[in-house]
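One chain, chain A, appears in both complexes that follow, with chain B as partner in the first and chain C in the second.
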Partner chain A sequence: MITINALNDVFPILIQGIKITVSVLLASIVLGYLTAFVAGFCRLSKNVILRKITGFYVEVFRGTSLIVQLFWLYYAFPILFGIEVGSNFWAGVLAISLNYGAYMSEIVRGSILSVAKGQTEAATALNMSRFQRMRLVVFPQAVRMMLPEFGNYLILMLKSTSLVSLIGMTDILYYGDILRSSNLSQAPMVYLLVLIFYFILALPLIWLTRKLEGFSKKGVASQ
Partner chain B sequence: MNSWSWEVFFDAFPAVLEGLGITISLTIACYLFALVFGFGWTFIRRIPIKPIRWLIIWVMEFIRSTPPLVQLFFIFYAWPMVPVIGVALDPFTSAVLGLGIHYSTYIGEVYRSGIENVDSGQWEASTALNFSNRQKWTKIILPQAIPPTIPMLGNYLIIMFKEVPLASTIGVLGILSMANDYGAQYWRYLEPLTIVAILFLILSYPSAILINRLEKKMNRRFDKKTVLGRMNKGKGAVM
Partner chain C sequence: MNEPMVKFKDVHKSFGDVEVLKGINLDLMPAEKVAVIGPSGSGKTTIIRMLMTLEQPTSGSIIVDGENLWQMEKSGRLVTANEKHLRQVRGDIGMVFQHFNLFPHMTILQNCMTAPIHVKQENKASAKARAIEMLDKVGLGDKLDNYPSQISGGQKQRVAMARALVMRPKIMLFDEVTSALDPELVEEVLEVIRDIAHEGRMTMVLVTHEMEFARDIADRVLFLDKGVIAEQGTPSEVFGHSENERLDSFLRRFRR
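Up next is the complex of A and B:
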């Protein structure tokens, strides 16, 4: 009985945080994929300088950890350049999307490079321009190779949204921490509930990932 | 106060560096834990009773798709409050358990993919040769399943190294905590946090290159075509 009463107290408080978690997640997904495509294409560009700069960005963001990037963007970046990132919301979203954008740009690059050479040659033989070749022939085939990995990154991004509570955003974990500090004996239930909330948010993403895997295998001859 | 100062940089450097030992030993401890625990997952999900297998698959999915940060908090703050089985753990042990269990589910999948890639003929042959179950695993299957997964396991070591600063949130005094402490003390976050980023970069980038090279080497060695080619060449020499 006690646990059910406590559940009634805890549940409505935690649910307030869902809005922030979901909005951080959605903004990071949009910006993250955008970064991935832009950086992925830049690394394949003919321009050496562009290639080197994006290469540097990708290596820096893949080589350091997300939590360090988040703190750096939130605490250090405004001091160094005298610009505020805007708010902790944008610091969080930028850190997550730049980090995962760097990882996913490698997927974009790898998939485009692994489209069979003959496809490009055939498109050239049909007198297509470089842009047409990419848009009509190579890219559509590359996208289906990217899909399963992209799905996995959705779940990774959801998990990383929990970090924004560390820079003072009021997400699910933030409310969980508040409840824990007000009543330590409730901690097991609070954190279990937080975990279940995240899992419920992850379920559609897991389902989507499986769908994408199935989709990308459909109609492709195995080699 | 507002811009980059080399003086602060050199002042903060030794302070941050003090945490490096903890960060590296935590990485190794978590990794070893995950390597061992991963085996546990791989074997219990082979239990031939359907409901149990389902339960284990879902537990793995649950651990994998919820944030490691929350799991750390659960183990550090909530575990001592759990009646009967709860024990209070120090931050380091909590971090080893939390991150170790989280990544063991990933590493379990790596082992599984290695085992599934072993040719089914190997199982049949070992049965035909009357090997016991134990011999089958230790003499035939695992020696073939594990080596090809080494580059992937190496990748997870680097990933883990980058996840370890999460433990600063429960008070493990790694490089990130040291930088935060320095920042709080002198109100300068820019230099110490930059030092942390640089340390991560110079440690993880060369290891990533090393793993990459290892992967290429391994691929050449375990690629089915080259292996078959080598075997055929051997045969030709004998005949």
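Up next is the complex of A and C:
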């Protein structure tokens, strides 16, 4: 009986956090993939400076902790450089998308490089320009290879949105923490529900990843 | 007398420290069919890959229809050609590869329509009509909507030929196009090449191990050995008798 009451108390409060979690996720997905493609292509560029700068970005963001990056963006940057990223929403979204963008740029780069060389040669023999070879032949095949990995990162991104509670955003975990601090005995129930919330949010992403895997098996010539 | 369609002038090619081609001089006349034979590693494929701009010569020049392929003039000096120049000159050249290199994410029809639409700015309807015409010609008019993964190796190679033909090349290069095929699929591909050759309009260069076939359709046979053209002549000259010991021992391996 006690647990059921607790559930009735906890559930409506936690659900308030869903909106923040989902909006941070969606914004991070859009910005994260954009970053991944831009950085991935920059690393394949003929321009050495562009390649080096992007490589530096990727290594820094892959090599340091996401929480620390988040704190840098939200707390340190405004003090050091007077740069305000706007709000804790944008600080969170930027940290997540720059971090995951760095990882995913490696997927973009690796996939493009792993399209068989003969594909580019056949396109050259048909007198396609460099841009046409990429757009019509290499990229469509590379994307198919990227998709399953991208799906995995979707799920990782969802989970990392819980970090924004640390910069005061009212997401699912934030409400969970509030509930726990007001009544410690409810902690197991609260965190169980938090887990379930994240899992339910992840379900469509897991399903999507499976779909993408199936799709990506078709139509690729890899080396 | 006709001007040569393609002219190789003292072309050398090295990969790292290894000099694969050691001075190739070669004229290809319009509509001439040339077979290139020779032991593996002799540089046969490299010759046509340089002509297709897939490989840059280390030195020497290649002239295509009067235009210098790998060099262009810039403020009075000859410099290495840029992408734009290469595109201008190689437009008349088509190539069929040993491993087909069909685009796996496109249907057979799309494989044959994409380049005319995007490279030659043909409208979709006429590109489609032309693609279907060429696919019919290679006997694959019923496979238009299939994907490359759904057809056999011989069929793939025939699609690759249709894909090259829709671009109306003046020069067609064939890079060991039957080497990757199961023996029973070789003939259907050779059949198509024979048809194309008999139409006679195109200059054709065939790098091949099919000696019978080379004898059949070539006007001239080149024997490449250790990076030079060691012997050349009409098929009967090259395959008949030869004083060249290397050619002799090479050909003996193909006779039973």
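Simple rule for what comes next: the second predicted complex is superposed on the first by the 217 of 223 C-alpha atoms of A that agree within 3 Å, B and C clash if a C-alpha of one lies under 4 Å from a C-alpha of the other, contacts with A are read in each partner's own complex, and residues count from 1 in each chain.
Operating definition for what follows: a contact is a pair of C-beta atoms (placed from the backbone, for glycine too) under 8 Å apart; a residue touches a chain by one contact, two chains touch by 3 or more.
Every value quoted in this text rests on a predicted model; they were computed, and no experiment measured them.
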{"item": "Touched partner set for A:Arg130, first chain B, second chain C, both or neither", "value": "second"}
{"item": "First, second, both or neither for A:Gln16, with chain B first and chain C second", "value": "neither"}
{"item": "Touched partner set for A:Ala122, first chain B, second chain C, both or neither", "value": "second"}
{"item": "Which of chain B and chain C A:Gln141 touches, first, second, both or neither", "value": "second"}
{"item": "Partner chain in contact with A:Ser114 - chain B first, chain C second, else both or neither", "value": "neither"}
{"item": "Partner chain in contact with A:Ser182 - chain B first, chain C second, else both or neither", "value": "neither"}
{"item": "Partner contacting more residues of chain A (chain B vs chain C)", "value": "B"}
{"item": "Chain B and chain C contact sites that coincide on chain A, given as residue numbers", "value": "none"}
{"item": "Chain A residues touching chain B - in the complex, by the definition given at the top", "value": "59-60, 62-69, 71-72, 75-76, 79-80, 82, 155, 158-163, 165-166, 173, 176-177, 180, 184-188, 190-192, 194-195, 198-199, 202, 205-206"}
{"item": "For the chain B and chain A complex, residues of the former touching the latter", "value": "2-4, 61-62, 64-71, 73-74, 77-79, 81-82, 86, 161-166, 168-169, 176, 180, 183, 189-190, 193-194, 196-197, 200-201, 204-205, 208"}
{"item": "Chain C-touching residues of chain A, taken from the complex the two chains share", "value": "116, 118-119, 121-130, 132, 136-137, 140-141, 144, 218-221"}
{"item": "In the complex, chain C residues that touch chain A", "value": "52-54, 83, 87, 90-91, 93-95, 97, 99, 101-106, 114-115, 118-119, 147, 149, 160, 163-164, 167"}
